[in-house]
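I am attaching a structure below and will ask some questions about it afterwards.
Chain nomenclature is as follows: A, B, C and D, assigned in order of appearance, with residue numbering initiated at 1 for each chain independently.
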Amino acid sequence: MIAETAEQILNLLTTPLLILSLMIVGQSRIGASIRLYTFQSANLALLCFAVGYFEQEFSLYWVGLLTLVIKVVLIPTVLLYIVNKIKVAREVEQLIGAPSSLIISAALIGLSYYTTRPILEDLYVVTKDCLPVSIALVLIGLFIMIGRKKAVMQIVGLLIMENGIFLAALATTLGMPLAVELGIFFDLLVGALIMGILVYHINQTFETIDVDKLTRLKG
Amino acid sequence: MLLTFLLFTPLITGILCGLLSQKKALDGLNIMGAGVVLSLGLGVFQKVLVQGVITESETSRVSFLALRADALSAILILIISILGFLTAVYSVGYMGREIEENLMDLGKLRRYYLLFHLFIFTMLLVCMTDNLGILWIAIEATTLASAFLVAFYGHEHALEAAWKYIILCTVGIAFALFGTIFVYLASINLSDTAEPMKYALNWSYLTRVASQLDPKFMKLAFLFILVGYGTKAGLAPMHTWLPDAHSQAPTPISALLSGVLLNCALYGLIRFHILISQSVGPDFSGRLLLLFGIFSLAIATPFILVQNNYKRLLAYSSIEHMGIITTGLGFTGALGIYGAILHLFNHAMTKALMFLTLGNVRLKYKTTKIDKLRGGLLHVMPVTGSLLLIGALGLAGVPPFSIFLSEFTILSAGFSYIEGPGRISLIFSLLLLSFITCIFAGLIYHVAKMAFGTPLEKVVRGEGSLWTLVPLGVLVLFIGFMGFHIPEDLHTMILKTVEILGGHDTMVLFQRK
Amino acid sequence: MQSFLLILPLFLYLAGAISSLWFSARPSKSVRWAFGCALGASFLSFLTSLSLLISGTSLRVSFPGFLPYTRFEILADGLSNYFIGIISLLACATTLFSFAYVREYFGRKSVGFLGFSYNIFLLSMILVTLANNALMFIIFWELMTVISYFLVIFEDTQEEARRAGFIYLVMTHVGSALILVTFFIFFQFTNSFDFDDFRQTGPTLSVILRSLLFLLTFIGFGTKAGIIPLHVWLPHAHPSAPSNISALMSGVMIKTAIYAFIRVVYSFLGADQLWWGLVVLMIGALSALLGVMYALMEHDLKRLLAYHSIENIGIISMGIGMALIFLSLKHYPLAALATIAGLYHVMNHAMFKGLLFLCSGSILQATHTRNIEDLGGLIKKMPWTAFYFLIGSVSISALPPFNGFVSEWLTYQSLLSGGMLSSVPIKVIAPLVGAILALTGALAATCFVKAFGITFLALPRSEHARKAQEAPPAMKMGMGLLALMCGVSGVLPTFFISLLDHVTVSLLNTSVSEKMIYPAGLALIPVESRFSSLSTTTLALLLLAFLPVPWILIRLFRPFRQRIHETWNCGIKLNPRMEYTATAFSNPIQMVFKKLYQPREEVRISYLKKPYFLKSLVYQSHITSIFEERLYRPIQQAILRLSHRVRTMQTGSIHTYLAYIFMTLILLLIFAR
Amino acid sequence: MILTKILLGLLQIVFLMALAPLVQGIIKKIKALFQSRRGPSIFQSYFDLIKFLKKDQVVSEQASWIFHITPYICMISVLTVGALVPVIGVSVPLGFAGDALVVVYLFAVMRFFMALAGLDTGSAFGGMASSREMMVASLAEPALLLSLFTLALTAGSLNLSGMVQKLADLKIAVISPSYLLVFVAFVMVVLAETGRIPVDNPTTHLELTMIHEGMILEYSGRYLALMEWSAWIKQLILFTLLANLFAPWEIHLLWYPPKILVLAILVACIESSVAKLRLFRIPDLLAVSTALSILALITLVLKGL
């Protein structure tokens, strides 16, 4: 009984993750995308608490807290700061149009379910349905990176991927060992910072953060 | 405590470098730090040789900090400490020259040394940690530490390269994390409790239970790991960042990136390959490695044949050699693995030699375009020119230089397994050989174009400082000597590695006659 | 003791190499050391190999712990000793020559490096013939290639030399790759790289596999030997190297390929397929004929000689091919005869081609040009060089009683013995190949009439040629030694045949010396007695004996008197521009074989007053090298085109790159799951 | 015993030397008759030789020692050949020293040095003639050797005396298609080798057509005597070969002169009845000869004797 409710609640919390990422795919403004990412991270933190609650896993609370601090507060702040600082056109230029992007994303979700099917049968955790979602998030994140011209959007795509992985860890193994999780967060933060700095430098040098202009190194 | 000392020496050196502000002191500290790392590294190597495996701080509460060094790690540590020291020495000359020419200032030098040693620290961590999660973190950290080194000169190309480097590698590595999670999942699934186990990601635990791990998870894990660490190791078609990053970084860093960092990524791949082989059987991961190895060679070949930038040339050659190593691992027998591990070492030495040599060229000519050199290096810089030729021949796999021996071993492995991978391995060996031959032609063509001919009038003849020559001499000795003889210690160590990788067949061959 | 004598020269070479580099700042000292050591070493190894050959012993020396899965083992059996003997003998001569020759490079090039490479080159050649396992063999084989590459581009400031070196290195490397494959396939069945194991296991393999191995070996070593159509590197590379090196390259380096081919096919593959022999025979015939044809059109002296190397490799291959045919038919004595024919030509070619290259070096040093159209009249300035060159020319044109004739005679005999077999195709093919050999020989003579005549005779055609001076004594000594050898091995073949008998004993277990040498030791017979015989000794004596006849005839009626007067030239004073040129000399042949040469002729005429008064007429004619332009260029271009196409994948766009990763992952997830 | 053998051999050589000018004279005479001239005496060649041998010679100032040794070399090579060829008896005392190949190659020695001598004086005529001579000879060589090979395979011996003996032993059976083909091929080659029409014109001194004469253009006096004499001996030897190989019966002193006479008449007939070929038509002729000998070989292999 408890397990069933737990599963329902968790499913309820998982679905928005997908929806949010699809919204980012369809979104055409950088700021809004970052904010959508913030929501997604918050959603993830929530999921984290929920799993921790249902599975009686205390360390997940810490993880959830860290998620809140780093992914909901720090990283979006940094990104928004940079976006404001370099005053780029807020429009997200897309290589692939929104409708086709959405269709592809749907296909990717399908693929993730297809790939994980044999594994799901062997999984006995409540959160097992999150696994395909997590793979879908990873693929969609990568897809966003492929489809968007602005450097900042690539960072966002990367972060969505990372959220997907985080979800996978949460869903399948109830998170990595705390220490590893800490390290991953640290890497993520440093990575985002470094990328932010690079974006800043790129804007200074190229006077754009359009990565399409970064195509001088060939062959 | 040896491992701990070894690990933290570069970290401390790096931080101290960040605090100093005098060039002499910086140089001194840099060399001293690298020297300590070298001696500790050799110490670790010896200790592993005697003890087989050494572990540290396993008993402590923070098990994820457990350090462990087996034969595979020891070889990596050896490479890192040797090349770390040589490039540190070289950096003194190289960066000194750039400062003399006002291409950079003291602040930048400080930052350079700081990042340099941090970079070494992360690489050492990669091959000393016992925890696969930490392994992932460390590999990601190598990217982060070296991203700024790639962007070091701050001009357009460097920034572009750095951006591609960090984005592509981080994306790749993210997949590796995904794979790691699957392994973790398989590992904790073994114990009945759903509670995450403390040791579930520890190598020392995983090897014990590897054969019981669920093949389904492991297969999926390996796909992600392959794409992930494969990106970092420069396997085609995920290699695209590599030529940019390796060509834009300052030369000593290029040498480290090509010679060591790729090996570290490969190290990660190998670790998982071992686990998956034991769980699924060697064919699954072996064939994938074979496929990616040959594909890397296939992709690298045309870029080497037609190339006008010598640093990119070397970068593509790195892709080629990573391909060769991967192919060797893919042949799965003892001979193949032996060759691959030997190649790991030989390639590191030779590639470093090439990068450093061309660093001297770059210092003199201020260009990386082969066309603009107009040849005649041998006449302008006799020592560097000769070293360049030797290095190129070595890199192309010509005897009596070391790479020939390892390529020979890998090829004989490929040709000798008529059973097992069977025909496929035969076809792959033929492909391997033909690509190596093509690449030989390309490499020699370009290097001969640089080395021979009548030099431009305006170029001042003469060599750089001794700092930029002595490390090269050491490397040449290495590759020349090892073309005729594999030192007993290294041989034993590689054999131990082969055992770790599960190659037990055809071991008879290694009896010294 | 003998093994010590076998090893000692190797260390001497090494010492020569190192000391040469060590003293490279002082060229003359460096030269003394480098070539002193090389001379001692080659002389010593010549004596050792000769004594081993005479006593018919084989020697095995092994050192443990060379590499993890092999040992360092050398085996000096009959075949190795024979080749070492040739290498060392030629090396003696070229080394003597080099003492003086390298002075040309003083102050211009690093003589220290030259001495270093020279020694290592010799060392690697000797070790190639000694190696008794595949790894060692391939190491020294490649070392030989690489070192000779450096020697080819020794004049690296010349574009031509660089190109030649590159083609050379790449082509021979491809050959080496094929050889490697051969060894690997052996390894697959023996689990060892020892030649001893190859010997044991090789003949037991299936016919298809052995045939494959045969083809690999033939192409692999054929590249190095310069058989057509794998020869394209040779006419570029040999001329570019310093002449003493050219002598070694043409004289012995390409022969190491013959050595290895014999070793692999005879011993490892147990030659028992008729078609192997036929392939070698036909390709040999093709190489011989086309080699000399292209030589005829060549006006660069050294390149001309290089083309003749292709020709002679062809002749050697004819012998070997016949031997393989006989082996497959189990006619062991005849196989021994054919092998001896091939091997004897190996030695003879080494001697006369070495001699000719040394002479060309002497000419080059005196005139600084290789273009024979700029030479002429050198016989008066350089009488000794001219004399030696003449000896070489006569030998290479296979004129009796010099050595080239003897081995070609033996080759004819083995071909005709093939004609006596029962197999119909062989009966037709072997004599036809004999006819090709005849044509080859005649064309070679034509070519050397041209080479000698245009270079040495008549009036000098350029200032360089006018100012030429005779070579210094050391060079003359080197050339003289080889000229002497050309004569000795021509006039006293029985001695060498009895040496070669030890080789066939070790190779085929067949001794034919009793069947081949007349009891008096004077004449050779081609095994089947009464078929034919040859005694160059007698011929030489006869020729000498008849010398008084013309001498007396001339003085029969009156004392000998002569007047010196200018050449009759329709009443006009003779000047060099009226002389027949090399182009003109070979033009008839070019006209006859138009189809092969595909000449592009160009005539430029300018008039003082049209159409009667010519101001000048320039005639140029180029021949098309079919193989380079129809075979190799398309391959090269195809590869480059493909490369350019693949290169577009590195677009520079990070999106594409991410897409690559993305697609890889997706494909893996779909297919490899 | 050996001494008598050697003496016999020497005798044979003297015989050839003595007869050679006569054969040349006879051919000239017959040709003259064909042209309805009276022509010189058949002994004219002897008188020419003696005249040349008495005369002083003029040597070009450009000439080197090659020019001087060539007459000697021509003479001694051709004499050596004379010692190897069965002339008036089947067995040749010195026959072991060389077979048919040696004969061919000793002629090549002559040619080689003559061509060099042609180039030596620097005159364009000499060069031109050398070039053409070498071209013609090169193309004749395969035909010549192939016909010899076919004969050798028929007879099972490449030694000339062995060959003649075997052919003689075959008696009438020797006349087979292959044999006849070889004969035709051989005649063509002999025409080329002896510098006869249609290949060369021995009587011309027109610069643009001469081959053999061009090479010896600079020779005069005694050297010329040697050169001409060697050429005639060579011609006689080739005739002898032709006679003994294709009429291998009754080989002794009595039948030798008639055989040679017949050949001389044959050659004279051919010379008088065909026109000289253009230089670049000559290869066609030699190609025909080669083709015939190939045909002969194949016939031999397929049909046997």
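Points worth noting:
The rule is short, and it goes like this: a contact is a pair of C-beta atoms (placed from the backbone, for glycine too) under 8 Å apart; a residue touches a chain by one contact, two chains touch by 3 or more.
Please read these numbers as outputs of a predicted model, since none were measured by experiment.
The innermost chain, defined by the distance from its C-alpha mean to the mean of all protein C-alpha atoms, is C.
Between the interfaces C-D and A-C, more contacting C-beta pairs are found at C-D.
Inter-chain centre distance (chain B to chain D, centres taken as mean C-alpha positions): 78 Å.
Taking each chain's centre as the average of its CA atoms, chain C and chain D sit 34 Å apart. As a whole-number value, the distance joining the C-alpha centres of chain A and chain C reads 70 Å. A separation of 31 Å divides the Cα centre of chain A from that of chain B. Counting partner chains per residue, chain B shows two or more touched chains at residues 163-164, 167, 171, 175, 220, 243, 303, 306. Across the assembly, chain A contributes 115, 118, 142, 145, 154, 211, 214-217, 219 as residues in contact with two or more other chains.
Residue numbers of chain C whose C-beta contacts span two or more other chains: 647, 650, 654, 658, 661, 665, 669, 673.
You'll find the chains touch as A-B, A-C, B-C, C-D. For chain B in complex with chain C, the touching residues are 163-164, 167-168, 171-172, 175, 219-220, 223-224, 226-227, 231, 237-238, 240-241, 243, 288, 299, 301-303, 305-306, 338, 376, 378, 393, 398-400, 404-405, 408-409, 411-412, 414-416, 418, 429-430, 433-434, 436-438, 440-441, 444-445, 448-449, 451-454, 483-486, 491, 506, 508-510, 512-513. Across the complex, chain B is touched by residues 55, 57, 115-116, 118-119, 122-125, 135, 138, 142, 145, 151, 154, 158, 161-162, 164-165, 168-169, 172-177, 179-180, 183-184, 186-187, 190-191, 194-195, 198, 201-202, 205-206, 211, 214-217, 219 of chain A. Contact residues of chain B toward chain A in the complex are 62, 64-65, 131, 133-134, 136-137, 140-141, 143-144, 147-148, 151, 154-157, 159-164, 166-167, 170-171, 174-175, 177-178, 181-182, 184-185, 188-189, 194-196, 198, 200-201, 214, 216-217, 220, 243-244, 247-248, 303, 306-307, 312. Only residues 50, 53-54, 56-62, 64-66, 71-72, 75-77, 79-80, 83, 94-99, 101-102, 104-106, 108-109, 111-112, 115-116, 118-124, 126-128, 130-132, 134-135, 137-146, 149-150, 152-153, 156-159, 162, 217-218, 221-223, 225-226, 279-280, 283, 290, 293-294, 297-298, 301-302 of chain D touch chain C when the two sit together in their complex. Residues 64-71, 135, 138-140, 142-143, 146, 153, 156-157, 159, 162, 165-166, 169-170, 173-174, 177, 180-181, 184-185, 187-188, 191-193, 639-640, 642-647, 649-650, 654, 656-658, 660-661, 663-665, 668-669, 672-673 of chain C touch chain B in their complex.
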